[in-house]
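Below are two complexes that have subunit A in common, paired first with subunit B and then with subunit C.
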Partner chain A sequence: MVYIFQRLAFYALAAWVALTLNFFLPRLMPGDPATALVARLQGRLAPGALEALRETFGLTDAPLISQYFMYLSHVLRGDFGISVAYFPAPVSEVIGTGLIWTIFLAGTAVLISFAIGTLLGVMAAWWRGSWLDTILPPSLVFLGAFPYFWLAMLALYALGFTLGWFPLGHAYGDDLTPGFNWLFLSDVVRHGALPIGTVVLATLGGWLLSMRNTMVSILGSDYVNLARAKGLPPSRVVLRYAARNALLPSVTGFGMALGFVLGGSLLTEIVFSYPGQGYLLVQAVRNQDYPLMQGIFLVITLAVLGANWLVDIVYLWLDPRTRESGG
Partner chain B sequence: MTESLLTIRDFCVDYVTDEGRVRAIDDVSLDVKRGEILGIAGESGSGKTTLVQALLRILPPPAVISRGEIMFEGKDILALEEEELRAMRWGRISMVFQSAMDSLNPVVTIGEQIEDTFRAHNAKGGRDRAAELLDMVGIPGDRVDSYAHQLSGGMRQRVGIALALALEPSLVILDEPTTALDVIVEREILQEVRQLQRKLGFSVLFITHDLARMLQVSDRVAIFYAARLAEIGPTNELRSNARHPYTRGLLKAFPPIGSGTEARDAHSIPGSPPSLRNPPTGCRFHPRCDQARPECAAREPHQTTLSEGHKADCILTD
Partner chain C sequence: MSGGAEKTTGIGIWVEAIRRDRKATIGAVILALFVLLAVVGPFVAEDPDELVGVPLQPPSMQHWLGTTGQGQDVLAQLLVGSRTSLLIGFSVGISVVLIGALIGVTAGYFGGRIDALLTLLFNVFLVIPGLPLAIIIAAYLPAGPFTIMFVLIVTGWAWNARVLRAQTLAQRKRDFVFASVVAGESSFRIVTREILPTMTSLLVSQVIGGTVYAIGAQVGLEYLGLGDVSAFTWGTNLYWAQNDSALLTGAWWTFVPTGICVALVGFGLTMLNSGFDEITNPRLGLERSWRAYLLSKGRKPQRSTPVVLEGTRD
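After this line comes the complex of A and B, so read on.
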């Protein structure tokens, strides 16, 4: 328990450092993006709104240190200011919708890829030298070596455009209103199938290979030999003795992937015009939407930190050796 | 003491390689009696491990049994079906592995690893029995929920012994069980094995290259050299009256502990063990033997019985 809180404190510190960098970086840039932005919007805004915007940027005459604290208090309240690209929606709202889609898209893709890849890795290691082991890993790595956008566009062209099996973009049909009903959910799945499928295909090889290689070395370890000699059924030897241990390095990778992917699977979302974080980021860059960019960077940072914390907890549960070293 | 638990007769194992067959065990016959500790000593590559693997029928693929028979408790091990074999492994013949440090699963409690053994063999026993076993090998029973990393090296090897005894086998193979441990812990562990063996009556096949240790623990000792059995006999007989020059060399290389012999008096045997691909003609030890005669290279020695249970494979004793 102490360990979890220790880690939490560490991540809180890291988050604070990220927040601070996020505050100072734009201010260290030559020129003042915020002023430029305000100037760009001059005349399109009511004076009161302009004043509010200035304040959300912390563009007061106050000294830097008080600006900093104002920024911190805003961030803590979840107030990232107003988006320029999606004016006048607040950044937190824009990110909120994008985040849901990204979590669905990337989260599902990473989970499926991790689960299938790891399972295939276990099987490849167990039946080492079989066709599964000789053909599958190289072909999946081959697939993963293609530039992802090319693979995605190919899939979109062949399966979406030519064959018409899947819709060409967006998270759900324009004629549907979001709701918790079968029609909507099935449409979401139909729209998600291609982007998720291509991500899974492109990343499967990595999971498979890392799991297979760890498994192969652990299958040769003494405790696996002992488990076999004890007369345990093969399924138990593989799952409880070998895979359980081989999983540990992969879990670290899983947490990292989860964290990064929450920042937006940029290419996926662009190719499939999917309204997630990555798509938003591109829009923000295009429109010089600094508040939105800042907000997204922050979410990415927090997502990476959060995912790492989760991995720490999962590790605690998976590996008894970590339980003491932290205490 | 005379009843034989394990009988190995005219046993040969070959490794099939691209350059032909390499004989890893060459015409070995020996017995393990009920309730005795038989030590097997020999240099690396002399066939000790291959013999054990053959016993459990877990020989790695290029190795094949080319001749001979192994009878265990009246059954021909080489003819057993897969199902009987599974029951025999660990149920009748179990093993303590070489590396105490690495033979336990780091993410499962030691108690569960013992219980796994019961479950795999449909044997009665749960947590309580696991704790009892731990208690028996000198680990407090409440440590069942401990993980391997919470135990010292010696304790881990004790867990290894508890695991080996879980199903009350009649033969326990100790494969260099104390290599990773320090001398004091090593002695404790071996004393423990000796006591348990007297109490429970199982037989032990004790494999090591530490001859001094082996002489302390075993009832009888078999010396392997280059895939063959060089000499076998009761421990005391061998200690005082070894006949094979190789055994004598080994005895000189390991001055018995407490004999007053200093380490500087230890002698090594010149040369190194022969390649099994191309073994020397005649007696395999003759190129390194200080008593070799011309005929040693010319003809193979016959196994000679010198006294009750004491046999040597040397021309000098013919």
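After this line comes the complex of A and C, so read on.
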């Protein structure tokens, strides 16, 4: 239990670092981009909104430290300021519209990729020297060398544009209203297939190799040999004895890969005009919408930190040793 | 190493490792081709900015890779772009390892409070998602290659620091380090002359991994429009392909070649790395020669004791 709280404290610290970075970035950057933005919006925004924007960027006379606490209290209340690109909507509202789609896209992709990749890794280690072990890993590594979003472009071009098997973008058809019914859900799956599929394809190789390599070393260990000598069925030896332990490094890697995959899936969203954070991010970059950009950064960071903590809990459950030393 | 007249020190050992491993040879050849392209390409290519013909022409004898949505030559843009992209890639790859080594080795060597603090620092940087952080920093800076390099270094060094710290911790407990301490060598000398040389192959493989990361991330950032969109790099080529709706007009030639180049460079670097594993892990080399020996005696090699190959960097 101590372990869980230690990790929680660590993530709280990481969140604080992210918050603080977020606060100081616009204030420390050369060339004063914030002043330029405010100047550009002069006349386009209501005086009150302009004032709020100035405050967000620290273009006030208040001392830095009081600005900092002001900022923290705003963020804690979920107030990230006002979006420039989607004026006059507050950033939190803009982000809220896309959050569920990003979590759906990146979350599903990571889980599918992890499950299939790990399973393939187990199989590659068991049938060492077969095509599964010699041909599949290098080809997946080659696929993994492509930028995710480029694979997405290719898939969209070949399967969506040329063959017309999949829709060309968005999360669901324009003629549907979101709801918990078969028509809508199946449409979401149809729209999600390509973006999720390309991210899975690009990340499969990493999981496969990591699982295969750990499996190979564990399959040579004494306790596995003993299990085999006892005459246990191979499936039991592989899955219950070897795979469960070989999973540990992959689970540790899972937390770290999350942020990485999320970055890739943000770019994939753009290719498919998928209405998630990536799409909002590109709008923010194009319109120099700093409040929106920073809000997205914070929300994504918090989501990744939270997911990492969940992974830690899973790890605790998988590896009894951490339970003992931590308890 | 069979000794004799064979060179086993300096550059020789690396060349030998590449030559002996088929994967590494392939990787080295691919990489050499692209370096050649980056050096020579921009001189032989046409002006990438020039409007040479009708926009979105498919590949033809005149324009081998067709034209862009603006009517520029795709091949010229690809060639000119390769130089900046590879330069950014390698400089970021080297920088993140230098910073990672500085922080990781300091943490591992001195231990105690310094270690706790530095470890916390790189762990925090590891857990904050890199791409969004890179984006918000880059958005405030003037667009251009130096901004891209800067943000990629800021978001990329932590992994190297973590690996090098672990390696330093292991070396720190070895007898030869204790001997140096007793002999009264300074900490700086022990680190640079005793500990770092034992990690040469790891450092090289980290530079390669860092370069792969940098090229991929750079292309992603530029695709988002965070690069200098009037310059020519692989990332901005893709940015324009997306902006000109290349996909929805069927102009595959505006984005397919660039992606293949990015992937080939990444693949080549990864393959090259596998050859260096043998220097880091002598057991791999032993196993190879043992199998060769068995085969030469006409016997089928059995499964030997498994050796963990170094996985790819995630």
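Criterion: the second predicted complex is superposed on the first by the 299 of 327 C-alpha atoms of A that agree within 3 Å, B and C clash if a C-alpha of one lies under 4 Å from a C-alpha of the other, contacts with A are read in each partner's own complex, and residues count from 1 in each chain.
Just so it is clear, a contact is a pair of C-beta atoms (placed from the backbone, for glycine too) under 8 Å apart; a residue touches a chain by one contact, two chains touch by 3 or more.
All values reported here derive from a predicted model rather than from experimental measurement.
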item: Touched partner set for A:231, first subunit B, second subunit C, both or neither; value: first
item: First (subunit B), second (subunit C), both or neither touched by A:240; value: first
item: First (subunit B), second (subunit C), both or neither touched by A:108; value: neither
item: More subunit A residues in contact [subunit B versus subunit C]; value: C
item: Which of subunit B and subunit C A:97 touches, first, second, both or neither; value: neither
item: Subunit B versus subunit C as contact partner of A:220, first or second or both or neither; value: second
item: Subunit B/subunit C common contact set on subunit A; value: none
item: In the complex, subunit A residues that touch subunit B; value: 221-223, 225-233, 236, 240-241, 244-245, 318-321, 324
item: Complex interface listing, subunit B residues touching subunit A; value: 56, 58, 86-87, 89-91, 94-95, 97-99, 102-109, 116-117, 120-121, 147, 149-150, 160, 163
item: In the complex, subunit A residues that touch subunit C; value: 10-11, 13-14, 17-18, 21-22, 25-26, 29-31, 33, 128, 141-142, 144-147, 149-151, 153-154, 156-157, 161-162, 168, 205-206, 209-210, 213-214, 216-217, 219-220, 253, 255-260, 262-264, 266-267, 270-271, 281-282, 284-286, 288, 290, 293-294, 296-297, 300-301, 304-305, 308
item: Partner subunit A, residues of subunit C touching it in the complex; value: 120, 123-124, 126-133, 135-137, 139-142, 212, 216, 219-220, 223-226, 238, 241-242, 247-248, 250, 252, 255-256, 258-259, 262-264, 266-267, 270, 303, 305-312, 314
